[in-house]
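Look at the two complexes coming up: chain A is in both, with chain B in one and chain C in the other.
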Partner chain A sequence: MGRRTEVRLAGSGGQGLILAGVILAEAATIYDEKNAVQSQSYGPEARGGASRAEVIISDADIEYPKATELDILLCLTQESCDRYVQDLKPGGLLLVDRDEVNEIKAAREAEVKVVKIPIISTAKEKIGKALVANIVALGALVQITRVVTKDALKNAVLGRVPKGTEDLNLNALESGFELGREYKKT
Partner chain B sequence: MGRRTEVRLAGSGGQGLILAGVILAEAATIYDEKNAVQSQSYGPEARGGASRAEVIISDADIEYPKATELDILLCLTQESCDRYVQDLKPGGLLLVDRDEVNEIKAAREAEVKVVKIPIISTAKEKIGKALVANIVALGALVQITRVVTKDALKNAVLGRVPKGTEDLNLNALESGFELGREYKKT
Partner chain C sequence: MAKTVKLLQGNEACAQGAVYAGCRFFAGYPITPSSEIAEILAASLPRVGGRFIQMEDELASIAAIIGASLAGKKSMTATSGPGFSLMQENIGFACITEIPVVIVNVMRGGPSTGMPTAPGQGDIMQAKWGTQGDHPAVTMAPDSVGEFFTETIRAFNAAEKLRTPVIVLTDEIVAHTREKVEIPEPGEIPVEDRIKPSVGPADYKPYDTKFGDVPPMANFGDGYRFHVTGLVHAEDGFPTNEPDIIESQERRIIRKVEEAVPWLSKNEEFMLGDAEVALVAVGSTARAAKMAAEEAREKGVRAGVFRPVTLWPFPHERLKELAGSVKRIIVAEMNLGQIVGEVERSVCGSVEVTCLNQVNGESISPRSLCSAMVGEVQP
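Coming up: the complex of A and B.
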C-alpha cells in the first residue's frame, strides 16, 4: 500500500472550502500524478451553514474513499474545530485560523501539532478580499506539509479560479506560502 | 436502510460537472433535507482531460460513500459512455448528449433505459453559452428522475452560481426541464 494522506478542510459555507478541496485534489492528480478522491459529506450540519471538504491523496489506488484518521485538519471556525479535532490522528497537523479559533480541547492539543496563523485577516488586509482565505489557507497548508508540490498547487489554482482573478489568487497563494514559512521559523 | 440513489455525471474537464455534482448534493441536503455525499475520484484519466463527479443521496446515513451500482449515469462524451456504462445497474437511467454519444454498447443498451437529448446544443443555441450545459443537464435529469425536487434544485443553483449569472442559469435550468418534459411525452 502506498502512502495515504487524509486532509479535511472545515469551516462555514461561503468560505470556498469545496473549491479548495478540488484544487488540492487536482494539484495531486493532474500535476503531481498521484491518485486522489475529493468529497463532501452533507448531514444536518450543512443546513446550519457548516461546510467541510475532504481530500485523500495516495501514491496507490484509493480503495476506501472516506477519511478515517486525518493527517491534516484545517479549521476556519471554532465550531468546526470543536466538531472535528477528535478525528485527527495523534501527531497530525491541526491548522487553525488564529483569530477565529480560540479554544482547542486540551486533551487533543497535547496529542497533535497545532499551528495558529492569521488566514482570514491576511486575506482581508493583505489581499483585500476575505473570499480568498481558502487560497491563503491552501498556500500555508502546502508550505508546511508539502502534501503536494508548490508548483502543482499553483497550476491547480490557475486551472480553477475564474478568468480575470488569476493575479489576485496567486497573490493570495504567495501570502499563504509566506505564512507557512514564518510559522516554520518560529 | 433508507432509499439510496447513486448518480454519476461524466464528461470532460471544463464542462462544469463537479459544480453540477455539488449543486445536486446541496439540493438534496440543504433544501430537500436528505443526506448526500458528493465526490470526485481522480486517476490517470483525469490527466487525459476526463472528468466525473458522483452524488449519493439517501434518506438515511450514508455508510459507504462510493458508488457501487449506479442508478443514474449522465454522459456528455462518447469516451465517458464507453468507460462507465458498465457501472449502471440493470434498469438504471443512461442520459446522454444526443450529438456527442453515438454508440452505446449493445449488450447494455438492452438492459438500461437510454435517454438521448440535445444537452450541449440546447445550451449553445437556446441559451447562447455552451458553459451552462451542466445546468441544462441537471434540469433534464431531475425532470425525468425527480431524484431531488425541482424547487430544491432551483434554490441550489441560485446558491452556487456566480453573482450576475442567476438569470442565465435559471434559463438553462428551465430549458433542461423542458427537454425532460419533451422526452417524457415521446
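Coming up: the complex of A and C.
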C-alpha cells in the first residue's frame, strides 16, 4: 500500500471548492505525474449548504477514493471546521480562514497544526473578487505543504479557469503563495 | 506513442466511452447523479454526426432510444433510480423485441427520490427483475472512472452481439470521482456491430432462428418488412398463440444470454489466491473492500476481494468454486442485502456467508470492512 496524502477542502456551496479540488488533482496527475483521485460531497442545493471536495494523492494506485484520515484540512466556514476537524489525523494541518473560523475544538487544537490566514479578505480586498478565494486558498495550501509542486499548480490553474480570467487567477495564486510564505516566516 | 492521459470524472468517461463504442443517439431526462452524461453527450454527439434529444421524461427517453436503435443507430440513455423505475416497461419491450440499447443507471441512495447526491446500491435486483416476466438481463458494474469508460464500450458490444438491452450499473461515487484515465486510441478496443441480414427483403424474417439464437437485424426503413410488437411473436414478428413457438421464442431470448456467459462474464479477483476470507462487493464498495483486504493482511488475516464486473448474469459458478477454498465470505453492499442472496444461492451453505450493509448515504469505510474480516467488534 503506497503512502496516501489525503486533503479535504471544505466550506459552503458556491465557494468554488470542488473546482479547487479538480485543479489540485490535475496538478498532481497531469503535471506532477502522480496518482490522484478527487471526489466531492454536496447537498441538493446549488448554493449554500455544506460542500466539500477531497483529493487523495499517492505514488501508488489508489483503491479507496474517499478520505479515511486527513493529512490536510482547509475550512472556509466555521460550520465546516466544527464538522470535519475530528477527521484530521494527529499532527495533520488545519488551514482555516482567519475571519470566518473563530473557534477550533480545544481538544483538537493541541493535536493538530493550526494555520489561520486571511483567505477570503485577501481575495476581496487585494484581488478585488471574493470569487477567487478558492485559488488564494490553493496557493497558500501548496506553499505550506508542497503537496504538489508550485509549477504544477500554476499550470493546472491555467488549464481550468475560463479564458480571459488567467491574470486574475494567477494574481490570486501569487497572493496565496505570499500568504503561505508570510505564515512560514512567523 | 505517448498515451493521452486525462483527469476525468466517471460520468465524463462514460460519455466518451459511448462515443468510442459508436453511440450516435442519446435521449434522456437529466437526473443527479447521472446528469453530466447527458450534458457532455449534448455537446459531443452532434460533432460526430450523432443526435441528442432531451425528452419530457424517462418513459419517453427509453422509447426514443429503442426507436433510434431500430433505425440502425447505437443508442443510449442515462438515469438514476427514480428514472430507472420509469423505464422498466420499455426495458421489457426491448428484451422481447430484441432491440439493442444501453441504459446507464447511476445509483443514488434510498427508494423513490431518496438522496439525489448520495451513493447507494439499492438497484442491484431491479437491474435484473425490474421489468416483468422472464427476460434476459445483462448488467455491467464498473468500479472506477477508467472502467466506466471500458464497461460502457463492453455494454454496447454485448447489446449489439446479443440484440438485447444492456444496463451499466454504477453509483454516485464512481460517477462523480475524478481520476487519471489513459484514453485508448481508436481501434485499440474492439467495437462490435449487430449482424445485418444476408438475405434480401423478400426472404427476411426479423426473428429468423435459421441464423442462430441471435437473428440478423435489418434497419427499420431499409426496405425490410419488420413488424415490432411486445406481444409474443413468431419468426416473422407477428403475434402468435402457438404454444410451441411461444415456448421456443421465450427460451431462446434467455438462452442467447446464458450461452454468452463464457465471453460475457468478467470478474476481478484481488488477492484471492491464498485467501481465507473473501469479501464480495461491486462498484465503489469494492474499492473500499480492496483497501480493507490490504489492511486485514497487515493484521494477519489472509483476505481477498471478489468483484463481479459483469453483475448479471451473476457469476454463480466461480463463487461456488471459491467457496471450496475460503473459510468465510462477507458480502458488503450499500443496501440492506441484495447481492448476498445470490452469493448464498451460489455456495449453497458450503461456507459461512455474512453481510455488511449500510444505507446512510455514505460509502462503507475500509475500516469497518477490515474490522469485519479480522473479527474485531466495532466500537
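Please note the rule applied: the second predicted complex is superposed on the first by the 179 of 186 C-alpha atoms of A that agree within 3 Å, B and C clash if a C-alpha of one lies under 4 Å from a C-alpha of the other, contacts with A are read in each partner's own complex, and residues count from 1 in each chain.
Heads up, the rule we're going with is that a residue touches a chain if its C-beta (ideal position, glycine included) is under 8 Å from a C-beta of that chain, and two chains touch if they have at least 3 such contacts.
As the structure is a prediction and not an experimental result, all values here were calculated from the model.
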Following superposition onto chain A, is the placement of chain B relative to chain C best described as a clash or a fit? clash
After superposition on the shared chain, which partner residues are touched by A:P162: those of chain B (first), chain C (second), both, or neither? first
Chain B versus chain C as contact partner of A:N102, first or second or both or neither: neither
Tell me the contact category for A:N35 with respect to chain B and chain C: first, second, both or neither. both
Contact-wise, after the overlay, does A:T68 reach chain B, chain C, both or neither (first, second, both, neither)? second
Overlap of chain B and chain C contacts on chain A, residues 22, 25-26, 29-30, 35-43, 62, 65-66
Residue set of chain B touching chain A in the complex reads 18, 22, 25-26, 28-30, 33, 35-43, 46-47, 61-62, 65-66, 162
Given the complex with chain A, which residues does chain C contribute to the contact? 5-7, 32, 116-118, 173, 176-180, 284, 287-288, 290-291, 294-295, 363, 365-367
What part of chain A is in contact with chain C in the complex they form? 1, 22, 25-26, 29-30, 35-44, 62-66, 68
